[in-house]
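What follows is chain A paired twice: with chain B in the first complex and chain C in the second.
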Partner chain A sequence: MTIERRTVVRAVLVFVVAALAVTLFSAMTAQGATVSDSAVSSDISMTTTTVDIDPPDDAASEPAPTSYSGSNRFLQSIVNGLVFGLLLALASVGLSLIYGTTGLSNFAHGEQVSFGAVLTYFFATQQPVSLPMIPVSFVIGMPLVPAALLAIAVAGALGWVQDRYLWSRLRKRRVGLVQQMIVSIGLSLAILNFIQWWVGGRRLRLTPDIDPRYQLGPVYLGEQTLISTGIAIACLLGVGFFLTQTRRGRATRAVSDNPSLAAASGIKVDSIVRLVWVMAASLAAVGGILLALYENGTAFDAGARLLLLMFAAVTLGGLGHPFGALVGSMVIGLVTEVSTVWLAPDLKYAVALGILILVLLVRPQGILGRAERVG
Partner chain B sequence: MDIFIDALGETFAPTTAAFALAAIGLNFHYGMTGLLNMGHAGFMLLGMYGFAISTQRGAPIWLALIVAMVVAVLFGLLLGWPTLKLRGDYLAIVTIAAAEMIRFLGRSQSLQGLTGASTGIRGNDYKYTFEALSPFPDERITVGWFTYHGTLSSSWWLRVVAWVMVLAFALLFWRLSKSPWGRVLKGIREDEDAVRSLGKNVYWYKMQALVLGGVIGALGGILWALGNAVQPDSMGRPTTFWIWTLLLLGGAATVFGPVLGSVLFWTSLVVVKRVAGVLVPDSWMTQSELEPFSLVLVGITLMCLVVFRPQGILGDRREQAINV
Partner chain C sequence: MTKDDVILRADNLIAGYLPGVNILNGCSMEVKKGELIGIIGPNGAGKSTFLKSLFGLVNIREGEVTLNGANITNLRADELVRHGIGFVPQTDNVFPSLTIEENLEMGAYQAHASFKKRLAVIGDLFPVLIDRRHQRAGSLSGGERQMVAMARALMMDPQVLLLDEPSAGLSPDRQDETFVRTRTINRTGVTVIMVEQNARRCLQICDRGYVLDQGTTAYTATGKELLKDPKVIELYLGTLGA
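Take a look at the complex of A and B:
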């Protein structure tokens, strides 16, 4: 691989600008450190109805600053970043698979994430719930695990329905990819507001349990976080096994490589795409549920807030490259969490998006992508 | 009758004009050049920040306008620089990411002194230079069914200025789309390689379109802020998606498409909310649920438009065949 000199110059320039910006920010933050800290916490509790709420107050990332020395805080943020990256990877693998097999940048993927989490809340909560337009409220109150499994199944079914009745028809009509992308934006707007209509704008807790926290060496981890991480790793290993070891997985990668060639060699492209949609939707739901546990709650816009991080992760790793999504997610997870050591926590998403733009400058095909994917 | 008057009032409200102007900007991007700018709200937000913050620091109105436009130009250059050479959907992802970054920065506590963080900037802090120019009396004026203040905030003065600006920029769009420059942009939309083979610098033309549309978007943002307040969260992704919906509704690449789209969009939102409020009993849908319900309809409208009538109401189907 050859890197042009102009690219390097550009990268250096951007790095300098970014470094200047960071210095400026930390200087400003240091000035009003005590003021802004208290203001941040009040800000979090204040904004509940806005569409995009600031970074959630996850229990693990807000330790009492007095009991922590600098390096511990750093280590803790690395661990948090790895956990967050794993959960983000679960959500974004599907996005990458869909992009790979159909070429669609699915802006409605964030809503699949919130749908899974909200559906779990709907099945599991002890509060009375209701459906839109139906003036009856009732309590389902299933235990968390069956509720989650049911929610994942329903979300997967939604993926199937979406592909069967929307996307496969658009592909048959030969609607262009740009137009399909705008359709997905419309769909995301519709589902997002439907969920808000359904459960309202408040924060929803999947389980009333208080999460016991363990100390592992210098870092703290919650029990739910540990279990979530385990599930996430298992799911990702499962996806990896499916893609590399099974016949259908290899067919998926073949479609992702070159759909017409795959079709010519006897692979049923449509059924593979259908399978990918179901997988993507259910993985997104798993990611949504685990993130809701990790962040101690969810909301109608939980997925919408994640969508750009998922895009950043997928683009970073290489569009359409499923393992790239994993790599990209880990990078994004680490960057967002570690940046809170120096910057205000309400800037961590901005940092992740900055990294995305930076990488596109230097290596537009992403970390694992191949150069010819870019037009 | 009330519903009718409310809907009619919405047709020439400042918000409608602001979105029409922003959509004219997006029309330069998408309609003329085929650029997928998914971060138009970012341009609007930057425009209103530039205007409000420089006014707060004591700048006269012309200087504040120039600051807002310069900021938008810089943002456009910065966005276009890495992405205009890449395939279209990269521009989409980067613009949406950059617009969200602006919003995150604007609502960050670190910049409280400058942007007012998530509470934004109060209208009274920056509207006075604009209101001082008003030739209308400083009282409420009734014309026909409509009573608005002459000068303050969402006033007759703002309505007049906003619609004059919308017409002026529609005229600009019409002239430019007939000019040699506009023909090159349309050529880029249809077939980039063909235009490149004619010796045109495609990258630079795209950059010009991006910057020009962005500046118009910033002016739209200023109009919006003059009727409301500077509020970073009101310029999130949904705003961009609304602008897209109304542009596609009216018809991309047409002169009056953005204006018609904006009028129809805002009027029908009011009508849907009011009619649903009257017809649907409260036990089925409370007042607070009307907003998401009408936005569900917006999303579905956007989907149906793209699939069934990509040219919108006024457009020409042959003009909307762009692809990446």
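Take a look at the complex of A and C:
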């Protein structure tokens, strides 16, 4: 009973802070967009030559047609929900692994998602790009796949750097988890502002190609969506295989269960945590890239907008349970998309969070979280 | 006791959790190979802190711990496991989401090549664990968890096994089983250092005992001598069940 109450309190605390953070992000990005509008007046209209990488028309920026009716629309929204859930899971699994092994609710995880997508744009676009504080423009123009792989590698390296020079030092100095969470909020804002300063507030397309759509029975799917879904499933299966079938993966679960006991068993906890940070940052980058393909574009705040949904997925599935993050993401993805069949799209995130509250009331430990025997 | 016999020595340890607050105020101990040592004392005497400081879980501010003559003071827990020290905590002593077999595999994390061989050895000591190897450890009772915890610590074939109150929270018959099992493990050649609240039962099975009081080692003698010592009886054992 004690465990269940603690889980609920923790979940509510994480949500309140997450909601505040997302509100803050929204307020900031709205302000940023206004400034950006005046500086680059034609960015948002997406029609002029100022931002050539933007989609040629508004319809192309939507993941799927919205004019279906009846059962087709329902089936389409289910498919969209499953795809979105899979992509959300890629980002959420890392968040869950970090929470599981370190106890940290990492609010800067959303920026890892944005960073992966923006970095891919940086390497792949045919337009001149520049590095922050260096007034020289150049074109890299790599093909999309190598650009994405390079971006994932750089994002993974950033995860390593973060743990090596920030989080491991805070852990060593026994800084409390709440204080670490506040640090992560600060880091999140810093990275968010850095990315905005670097690439601006406009929408960025990773590839200028128009995504061809295929009709599969009553539903439509874009080619990029199909490929993204395939990659997401492969990545998630890979994570599952790692956690259950490899010795290091089982050690990761052991650290997640009890870090002191893991150390007492001879496991180098710091190495496992560092591996988790690299994995989480890489998976978030993959998620960011695939979401950018699915949504035909990304922006500096793409991850920040997803953060609350990621926390919802992780909490719904069971805090610190990586497979729970997958299940939670699928539920959140489905609920957000299917709810738009009957309700205004503006309410879709509210419905997902409502479902989260309902599930936690019935099952406080989350869908896959297990109540442990005491004594 | 010749110098060669000594496997572990703690010399005037001063240690604590919070800055400026010492729990141990000069604890010393000398353990011979193959001995079963019991550490007893009143609540707050620093028994568990002493054991944790030997295993690097509490920072030692002054003093020295040596294993076979090598200085192991303040080494990390995973390094101490490599040196041949096993530790079984009093609570939270299994990985609840892992199966029994996976728990044992984690115990042999640094010697994965010998996992199957050690599993067979552990299977002789704890046959019930092998029968239920696929059961999740989180679903086990307190006594069963204690068994898994001991088995996990033995997977690396340690020279010294540290047990923190192994009988805590168990029913009397399970406590008896735990003490018998501890003696059995000790007879296989493993040196055991055990902290216990059940002082009388602990002194009955141990070769030597240390009595801790206010963070210092107050007395040391054989278990039988301490059981008869009037001062120990008056202060720690009481007269009931004598």
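Basically, the second predicted complex is superposed on the first by the 301 of 375 C-alpha atoms of A that agree within 3 Å, B and C clash if a C-alpha of one lies under 4 Å from a C-alpha of the other, contacts with A are read in each partner's own complex, and residues count from 1 in each chain.
Criterion: a residue touches a chain if its C-beta (ideal position, glycine included) is under 8 Å from a C-beta of that chain, and two chains touch if they have at least 3 such contacts.
Just so it is clear, the structure is predicted and the values come from calculations on it, not from any experiment.
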Worksheet item: After superposition on the shared chain, which partner residues are touched by A:266: those of chain B (first), chain C (second), both, or neither?
Response: second
Discussion item. If we overlay the two complexes on their shared chain A, which of chain B and chain C does A:240 touch? Say first, second, both or neither.
Written reply: neither
Practice prompt. Would you check which partner chain A:346 touches, where first means chain B only, second means chain C only, and both and neither mean what they say?
Written response: first
Discussion item. Per the contact definition in the header, classify A:183: touching chain B only (first), chain C only (second), both, or neither.
Written reply: first
Practice prompt. Mind working out whether A:218 is in touch with chain B, chain C, both or neither, as first, second, both or neither?
Written response: neither
Discussion item. Looking at A:354, would you say it contacts chain B, chain C, both, or neither? Reply first, second, both or neither.
Written reply: first
Discussion item. Taking the superposition on A as described, I'd like to know which of chain B and chain C A:254 touches: first, second, both or neither.
Written reply: second
Worksheet entry | Which partner, chain B or chain C, touches more chain A residues | B
Worksheet item: Taking the two structures together, which residues of chain A meet both chain B and chain C?
Response: 375
Worksheet item: In their complex, what parts of chain A are in touch with chain C?
Response: 247, 250-251, 253-254, 256-258, 260-269, 370, 372-373, 375
Fill in: Residue ranges of chain A in contact with chain B within the complex
10, 25, 28-29, 32, 36, 39-40, 43, 46-47, 50-52, 54, 105, 132-135, 170, 173, 175-179, 181-183, 185-194, 196-197, 200, 304, 308, 311-312, 315, 343-344, 346-347, 349-350, 353-354, 356-357, 360-361, 364, 374-375
Discussion item. Can you tell me which positions in chain B touch chain A when the two form their complex?
Written reply: 36, 38, 82-83, 86-90, 92-94, 96-98, 100-101, 103-105, 107-112, 117-118, 233, 236-238, 241, 244-245, 248, 281, 283-285, 288-289, 292-293, 295-296, 298-303, 305-307, 310, 321-324
Practice prompt. Report the residues of chain C in contact with chain A in the complex, numbered from low to high.
Written response: 55, 57, 76-78, 81-82, 87, 89, 92-98, 102, 105-107, 109-110, 112, 138-142, 152-153, 156, 169
